[in-house]
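Next come two complexes built around chain A: one with chain B, the other with chain C.
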Partner chain A sequence: MLNSLRMPRRLIPGFFHHKKVVPFVFLAPFLTVFLIFKVYPVILAIIMSFQNFQGVKSQDWVGLSNYENVFELVRFSQALTNTTVYTIGTLLVLIPLPLVLAVLLDSGRVVASTVFRVLIFLPALTSLVVAGTVFRLILAKDGFLNLFLEGTLGLDRLRWLEVSELALPSLILIATWRWTGMNILYFNSGLVNIPQELYESAAIDGASPWKMFLSITLPMLRPTTFFVVVLSIIGGYQVFVEPFILYAGGAGPGDGGLTLALLIYRTAFTSFNFGTAAAMGVILALIIFVFSLIQFRFFGVLGRED
Partner chain B sequence: MFAIFVCLAIIFIFPLYWMVISSLRPEGRIFVDAMEIIPSALSLDTYRRLFEEEPYLTWFINSITQTGGYALMGVFLCTTGGYALAKFRFRYRNLLFILILVSQMIPFHLLIVSLFLMIIQMGMAETYQGAIVPLAASPIGIFFMRQYMLAIDDEMLNAARVDGASEYQIFWHIVLPNARPAIATLLILFCIDYWNNLLWPLIVFRNPENFPLAVGIKRLIDQYRQQYDLTMAGSTLATVPVIILFFFLRRQIMEGLATTGTGVK
Partner chain C sequence: MSRTKIFTLLLVAAIGFSAFGMTLAQDATELSLWVFVDRHGLYMQNAADRWNEAHPDRPIEIVYEQIDYTQMHDNLLASLLVGMGAPDLADVEIKKFATFTKGDIQFLPLNEVIDEYRADIIESRLAPYTANGNNYGIDYHLGAFVMYYNTGILEEAGVDVDSIKTWDDYIEAGLKVTRDTDGDGEIDVYMASVEVTDIFSAYALMLMNGGGTYNADGEIILESEANVEALQYLQDMVHVHGIARPASGGGHHSPDHFIDLVEGRIASLWMPQWYMTRYPDNMSSELADVAVVRPMPVFEEGGYTTTMGGGTGTAITNQIDPDKIALAAEFLAFAKLTYDANVLLWTDLGFDPMRLDVYDDDALLITMDDFSGEMPFIHIKAGLGNVAPEYTGPFYPEIATIFQTTGLYDLIENQMDPAEVLANAAEELRAMGAEF
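For the complex of A and B:
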């Protein structure tokens, strides 16, 4: 094996072989990009949230007035409410549904369970842009969903994309389509870790499958469930592409599809109000920070470290 | 039970099927024929128009170039950095590690204004570097590599050191070959990640000649006349490569995604 190692070592100057230097040589590429494009922009964004911009150049300090503006903005409270309702909505669907499906797929009672797992997972591979365009077509006034409701079920057509109240349900529908397979995957890795003996001894005691689900599966899945809940909250609060595509870069009828991330983008690149956009960014970051801390507190560093 | 899952699978696959079918309908028939779940008339005309009337081929090539550049750069940074974090002790290592993990929580929307100003000042607007470099230091990517590198046997590395191999020879000849599965997984995840990304390229590029696919498709659907046919054809062609990749590397992609959380971003 070591034959291949006999290379002239002095191609690289001696300094770089010094014991204290070596780790930093390996670290340098990542660290440079990380500090310039991740750490510095965070600091800059916080600074910008206290400044007022005329175009991209001249800026002056305005103290907390950006934040005051944000909280006085009707659209901001609407965006915050929408995003919160959306997040809760996705939790109500995207926890129980994938959990039950994962348990059923894992139970050995479904033939070809891998095929179903893969088919339900496929939407997670499509880009959110594609998810948005496809659902914009399906939810259109003369789109498939309405024709199906009308023609097959005899119901009235709904103006999915034109009524404020239907904006969040439409977004939750897209989320369900895109993330169910992914969450099944998470629950599945939780299920694999439940010791089989628990079920065996319960079976000897004559427990019904339903009883076993309630008294073994659910409690043993609690860490996984918690992990998925926190991930969904963090993801939910950052929802952007789906409404951005569904409403052609706007916010939907009556701002019904206006989310926090969408409002930040529009404040920055439609109104060119960088200071206010930065302040909104800081507020969004704080919301996410709180939920991430909960995750850290209960799960160690990243949830999956062992 | 089996029947329930068949129904579910049909529901989940249906939007993808609908995308393909809608892209194949003759011009102007997308809504008129919407009740024909199995279409009676098919046509490739939309695809011809997509390439003739729109710069779709340019977008596709841009996507391949940018995705390749991003994935290679990201994997290079995360592999070298992950190795340093896993196998060396140095000052501030733990502090740095925590900083990297905390940075994972930062929503990208906090950074869009500051990064936008930065790339303008650095003259990187409208360039591939501007689209790629700011995203390349992925916290979850370096975390993933570090976790994998931790499992590499220290005695093997030390034996090579005793034999007089330099640290860089060890990295090239021992660490890299051993980390190959992790590198492959990360490469695939980074590719899917950039291929599907909209927000940052949307901010960096104004000139349609530089768009990657996601931004191009966004442009197609928002033109003055909603061109659903072109959009569906464009969406189909953008999705096909990912699906093909998935069928060859299913295990790696599913396991990779399950361990990196919400994807690598």
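For the complex of A and C:
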């Protein structure tokens, strides 16, 4: 077997031995998949967004009319608002919570921290279809969440799945369950890179753990935090699967859980209007692009690195 | 043995086996079918068995695949769009059908095979699957609305199920049935649950009141007075009379709603006849001793006695092998439109037939353990006096989506004025390009 892998040099044309070519040879499998499944659809979507693409038929160019359609859609502003609120919500939860948990797990004061790490990370690997069904039961009126809130805080039972206002909180809850472990992992890798000496000298100077957290851990974690924030915003604006699964293909009562991605899906697969859907996709991509650009400037990653 | 030799041997074996498989398959023409309800696939397989008995010279084999509702329709749309990967036959649900008729229709017309039976079937059952004068799908059933009662709860409240004839009777009975049974100040049993995230509770009242989404001329009639009245009636049931509440989880297919039914918190609801299959399938027949089916109440004497809800048309896609088209079309008609097939629709599949001439056949008078050992067919038939037709059109899927998302939510949860709900829906449709 091994013999066959060690191919004689002469069988491979000299061109592939060139230093500038070799990396691309190794990257070829990834690049092929990336070009076919990522780049090509993106280009196609941009083209489609300028075409009248309704149903199966030949398409003609319609200029910007698909983009005009998008802004005429009654649900577009609602979807945009929902998506933004959802993204802000996930940022408010999914940055501080994993940060604190990561620091705690890293502090050596938690027994069996590896077990906790694994347990918290598991949701990221769980099938969302299964999770959606389980969350429907958890969020039901007689479900676990209501019983828990009633038992501990004495709260009235809430209609999580039936009231429009509770749709986004429900989705943020699922996002928290799903992504906390992942973000802990990111923060953890950031924590490992902070030199231990900093803490030691601070301790000698008599700094309290809280002071060390504020003056050493937080500033040193800035690149990691930036990374997690960017990822969360991109993920937040693209949210699709969570509401899709939780509301069985819909967007919840009163469209309370309608996100941009869901509206794109609905425009394409219910109205069979791929042109307008593609235009919406391009708009969504622009939004994410602008946000990322602002953050890059804000965090000083572009240009000057401090 | 060298690797080349092993490889050659495997290749020969593979070719040999596939050739062997081909000779077997040559006996029966294989037809692939996508369904989203397993019962439909089983029914079609049984129909193929019957076809093979009747036509031993042209045998058929149905190979069906059951895929989740949303995914199946999405996959079908995608495969029709790219021109490959679609099955020979596909089930398309009524709310999705118009989506497929936009642009060049990728299904084959079935007019020719339907013509033979056209006089016998309820024509408006074909309407939802018709575009540009062509019939593209054949439904499985009529889908007439019926009332589902829990006689245990009604009897406890002193209500005789057969005394309810009109919607006003229904509300009167509801006032007796709806009550706080344990004295904690909260109502435990409601007469009815209504859907907020699905259309059936609302559409039934709209259609039975002479309204609906489209009229016979294909015009959108959302803002008709009949619709306003019907939605007002529905809203009043919840907020004025207090006899109904939104179904737990939003619709009549939500798991929490099934729990409500089993736990005896809901005394009745109205859904199409096919909802009967949910009693064994989703509620493990736990209501077998108390569940009964009765005709719908009427708004007024001589008015519509019921209407139709839901439906699934089986279509032939244009990706079928041209040699199979004639056989597939003939089989489809055989499986769904013949007299015997319509008897079996009820006895085999538990669906109400769409050929009215079989309704007098004694073969349909079977008792059902899941429905208190009664003969439900008697009651279904009794309700078919004056069936309100349902017309659909190109924006039928979008209208349904509006009702399922904001329309009924505004009506039931936000107590919005019905006329405003309908005006909002109309405005949204116009923004999507609908002209009316």
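One rule holds for everything that comes next: the second predicted complex is superposed on the first by the 243 of 306 C-alpha atoms of A that agree within 3 Å, B and C clash if a C-alpha of one lies under 4 Å from a C-alpha of the other, contacts with A are read in each partner's own complex, and residues count from 1 in each chain.
Here is the rule we go by: a contact is a pair of C-beta atoms (placed from the backbone, for glycine too) under 8 Å apart; a residue touches a chain by one contact, two chains touch by 3 or more.
All values reported here derive from a predicted model rather than from experimental measurement.
In the superposition on chain A, A:F269 makes contact with both chain B and chain C.
Shared-chain residue A:Q54: touches chain C; no touch with chain B. Touch criterion not met for A:G154: it reaches neither chain B nor chain C. Set against each other, chain B and chain C differ in how many residues of chain A they touch, and the higher count belongs to B. Residue contacts after overlaying the shared chain place A:R136 against chain B and chain C alike.
Of the two partner chains placed by the overlay, only chain B lies in contact with A:L44; chain C stays clear of it. In the superposition on chain A, A:L258 contacts chain C only, with no contact to chain B.
Contact with neither chain B nor chain C is seen for A:G108 once the two complexes are overlaid on the shared chain. Of the two partner chains, chain B and chain C are each touched by A:G249.
In the superposition on chain A, chain A positions 56, 136-137, 140, 142-143, 248-249, 269, 274 are in contact with chain B in one complex as well as with chain C in the other. Of all residues in chain C, only 69-70, 73-74, 77, 80-81, 96, 99-104, 106, 196-197, 246, 248-250, 254-256, 259, 397-398, 401, 404-406, 409-410, 413-414, 427-428, 431-433 touch chain A in the complex they form. For chain A in complex with chain B, the touching residues are 2, 4-5, 7, 9, 12, 16-17, 20, 22-24, 26-27, 29-31, 33-34, 37-42, 44-45, 48, 56, 101, 104-105, 109-111, 115-116, 118-131, 133-138, 140, 142-144, 147, 151, 177, 180-182, 185-186, 188-189, 231, 234-235, 237-238, 240-241, 244-245, 248-249, 260-261, 264-265, 268-269, 274, 277-278, 281-282, 284-285, 288-289, 292, 301-305. Contact residues of chain A toward chain C in the complex are 54-57, 69, 72-75, 136-137, 140-143, 161-164, 247-255, 258, 266, 269-274. Interface residues of chain B, counted against chain A in their complex, comprise 1-2, 5, 8-9, 12-13, 15-16, 18-19, 22, 30-31, 34-35, 76-78, 80-81, 83-85, 88-90, 96, 99-101, 103-118, 120, 133-137, 139-140, 142-143, 147, 160, 163-171, 173, 192, 195-199, 203, 213-214, 217-218, 221-222, 228, 231-232, 235, 238-239, 242-243, 246, 250, 253-254, 257-259, 261-262.
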